[in-house]
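Naming follows writing order (A, B, C and D), and every chain is counted from residue 1.
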């Protein structure tokens, strides 16, 4: 067992130790906190690289190397619950990605949070989050996975609600936590069901009977639920709900845009790169359950995968449409994240683990870049988040503008140079070849179009035209003071690094040289330039290029040509003269009223239930308790009355009676002989009478 | 019918005098059926009612003449030759005297007292066997009848004493009653010895038990047995007390409380009392005769040709003379001496006599020669020794010291 | 001969008279007299039943009466002695006055 | 024959009623004696001479005298107080009740009034043998009882004077006459109306 596998736990343990150290120290040492966090993260990054290197030198068989280290956690009844961690290409890739991105964001946030009073607390939460995320990545047991998953949820809540004095931040944190919770509950049910069927939660076991392995899966494939549904499909669906909650798929995506209330590095770290990716990583990790065929089990049904694909496609289009009508710079990026996550789910659903993961990795980098760019823009524009109040920022913040442009082009999928193009193309290509239905493919294409469109809209809004910042709000005097200014070096350097990676990463997964796919899946796909010109690949490549071009042109046509002047001016798309477009735009502006819908239904229902419960409690149980109280009081009254009237009086009467009886009897003993004789006479007569009647009767 | 009656009557008298059995048969036969029962009763009662009052009259005379003789004087000799008609004179006196009744006396009881006394006394004679065939009623429980009747006389004495509302008469009556009751017990116990030996309460049987002779000349009378003799003596003493005579005549002694319970009586009632007293004496002595002296049996074998009632009357008169003799000689006893004598001497001795009689009865099985004398000596000793010892014990302190007169308390 | 019930009636009458006397008279001696009367009524009953009873040979009735008379005499004696001592103590024989239960 | 029974019964009942109702105690005593005599006569009529004469001997001879003595000794012959006790009505009522019950009992009893069997003549001998054989134990007991009764009676009646005289005598012989017992000698009972 190589030392790296044994000591794999060190990677999450180090940031956890840092968080603990920072939490324990009484007085807030800003420098100490930052140094600790960044130091431990750097060390974890190095360890991740070692792990990655270890997984690189695959054995001769070309089978992906998977080493597992399990240990008994506690004994419950007959069987013991085991935990453990696994090192395989999937883990390695994620380890490297998460640690590298976290490191960069930590460095960035030292600059961004410099003026904030709770600097140390921020860094404590950050390192806690990083530790949790790394724990999720290396977990070999669904239970450990779930534990770290919850820790991640907790830290996202803490970070979103970091500026808890802002009510909207607190509400957003709460909303995020609750929505992910709903997903987690369903995920938990799935886990329980899995445990009941597989009798173990370990993914991979040295003895070969982990829940993702052939023996267990083949056993579970045979089982069907009452509804006729395959057990694996059921478990898969439940786990997918958990993932949907965390990755912000359609029904549970509402918390992600509101999560922008947190500081921008938080958004960047959590809502771009890592946490939201956790959902996709979960599906990738438990992929054999969704598609038993991967593990070599025949007869498994892939219904769950189709569901994943469909949900992904729908989310992609849905989020993209909303993003088009947003005015807040971070909210647009949030919806774009949701859309891209939809694409990843689609990729997983249609293409498989490699396709989804490749898009995840690439998206992580350029979305982090975009968010950090947005952060520096906001920082520069003096905490101004509304794009309508910005404009002309390219003059003031050239480095940010350049990095942001690279990120925008990667995101929208500008061909060849940018990673987004290759990963999204892989997805579209897979969707195109998807046998089940071709609708997701079309949805995917439309989503790509919209992505390109709203990114260009944002670019023109923020960077093109003249600066609309602060002019009308503060009048004339401080015009100069509100000029946007470039962010300090500590913030721009991570931007540049990320930009480089946004470009470089694409080349690893191109059809021509699918190194990434081979690395992940272990089988050797054909490589070489010729691949590019294969008819189907060529078709999808050209199609996506056309789509991106159309999106860019459309964006320039609407927003680039005549730059937006006044801040308050309605959006171009609003088009007050065209009623249909206007209504559509207002719908999109208001996020298709999904929040209002939830508000109207679930929350009201919840409120109603609460009221009903409180009402029930107040009127029903309360009255019952009161009734019981009164009953007892009544009983006590009855008791008192009984005691007083019956027993006391009865007793007194009894005593009186005894006294009376005593007196009566005493009168018998008069002492006069004749009285006694008289009594004897009467008794004699009575006895005689009795005898006579007695005898005659008998 | 009347001739038949007269013939019947004559025959009856002849039979009675001739001592033949069932004298009344002929007379009754002549009577009509209904009257027969009544006639037989009358026939047996009238002779008694006649003979004994006459005897009473004679005895009063005899007594006064006897006492006179004892006291060396003549006695009544004014009325008729040697006072023969004295009783008639007394009787006339009694009858003609005015009968004074005290004002606050209890009229009814005062009047009833003498009657209640006389009737029981007369009843006593119903069981005495005067002759072989002259027994008024042969009651099975003869003696019990005799004593039952005797006992009721005390009640009349009390009536007499109490009804005259006189302290002295009441006191006298109480003393008389006390004395009579005290001496009744020795009287009865001594008769019980005879009954025990005779084995029957009927007087006729007792007399029958005493017939026959021992050794040809000695009659088989109880008196000749040791317990018989002792019993006879005790019986006589007790009968003296019963009839308030001589040494025991305290109640109506002249020197004491006037006439005791008889003080308020005068005239005919007094006569009745006097009659009753003497009749009581005759009855008791008649019983003594039948119990101890063999009733109407002749003393000697060859004398039995005489009518049996003659023997009975002779013995009776002998005892009466004895009483008169005792009256003339013995001094009067004080009440406490009288009662002490009864309870402390007479009672124990009579009980002892019972025991001796029992021994006499059970030793009769001895068959060795001279057993009669041995038994006699044994029983006699058993009586004599306690007699002497008890007598000395009771009067121990009197003889030796000067007599101190202590008032009876 | 007179039937048995006549005697029984007579004895019950005597008994009642004795009881009445015992209950009503104030004087202790009269009460004693009443009791004597009652006892005698009972004796009369015995003799009547003996006379008209099933087997007269068994003279249980007479035996009973003999013993009853003896006992009654003893009782009378003791009773009167008591009455005399009561008189000496209470100076009265009126039963209504003699009602102290104290020794 | 039941004429004699009627006469005797009437005599007994009348004397009994008189005994219970007369004012003067001595008269009552005498009437009781008469009642006892009447009863004795009834016994004789019923063919039990021994019991009859024993009744006369014991009751008329002894008990009557005893009663009379008791009356005189307790000086209560003076009819000063009312004759009848306070609650005499109740007494009468109880007596009547008892009488009613007894008569009802007698009347309704099923004893068949058959002709009386031959007049059994229990000789004294038969009574004697019975006493000595079957009833010897009761006889002894009665003897004991009678002795105890007599001694008891004597002790009870003479309790006071004997003890008084004894302690007085104990003090000194001389003033025996003077120190007469404090309790007055029983005064001579004399009825003076």
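Brief remarks on what is shown
The working rule: a contact is a pair of C-beta atoms (placed from the backbone, for glycine too) under 8 Å apart; a residue touches a chain by one contact, two chains touch by 3 or more.
Everything numeric in this text was worked out from a predicted model, so none of it was measured.
When the partners of subunit C are compared with those of subunit D, the chains appearing in both lists are A. Common neighbours of subunit A and subunit B under the contact definition above: D. The innermost chain, defined by the distance from its C-alpha mean to the mean of all protein C-alpha atoms, is C.
Counting C-beta pairs in contact across A-C and across A-D gives the higher total for A-D. Work out the mean CA point of subunit B and of subunit C, and you get 34 Å between them. In terms of their C-alpha centroids, the spacing between subunit A and subunit C amounts to 120 Å.
Note: centroid distance subunit A to subunit D, computed from Cα atoms, is 126 Å.
One simple way to say how far apart two chains are is to compare their mean CA positions; for subunit B and subunit D this gives 28 Å.
Under the contact definition stated at the top, the residues of subunit C that touch 2 or more other chains are 19, 22-24, 95-96. Contacts with at least two other chains are made by no residue of subunit B. Touching of two or more other chains is recorded for residues 50, 54, 62, 69, 85, 90-91, 94-95, 98, 102 of subunit D. A complete list of chain pairs in contact reads A-C, A-D, B-D, C-D.
Residues 104, 106, 109, 139-141, 144-145, 147-152, 154-155, 158-159, 162, 165-167, 170-171, 174, 177, 181, 184, 199-202, 407, 409 of subunit B are the ones touching subunit D in the complex.
For subunit D in complex with subunit A, the touching residues are 85, 87, 90-91, 94-95, 97-98, 100-102, 104-105, 108. The touching residues of subunit D, when paired with subunit C in their complex, are 1-2, 5, 9, 12-13, 16-17, 19-21, 25, 28-29, 32, 35-36, 39, 42-43, 46-48, 50-51, 54-55, 58-59, 62-63, 66-67, 69-71, 73-76, 81-86, 88, 90-92, 94-96, 98-99, 102-103, 106-107, 109, 111, 113, 115-117, 120, 122, 126-127, 130-131, 134-135, 138, 142, 145-146, 148-150, 152-154, 156-157, 159-160, 183. Interface of subunit C with subunit D (complex): residues 1-10, 12-27, 29-30, 32-34, 36-37, 40, 43-44, 47-48, 50-52, 56-57, 59, 61-63, 65-67, 69-78, 80-85, 87-88, 92-96.
Per the touch definition, subunit A reaches subunit D in the complex via residues 672, 674-675, 678, 681-682, 684-685, 688-689, 692, 696.
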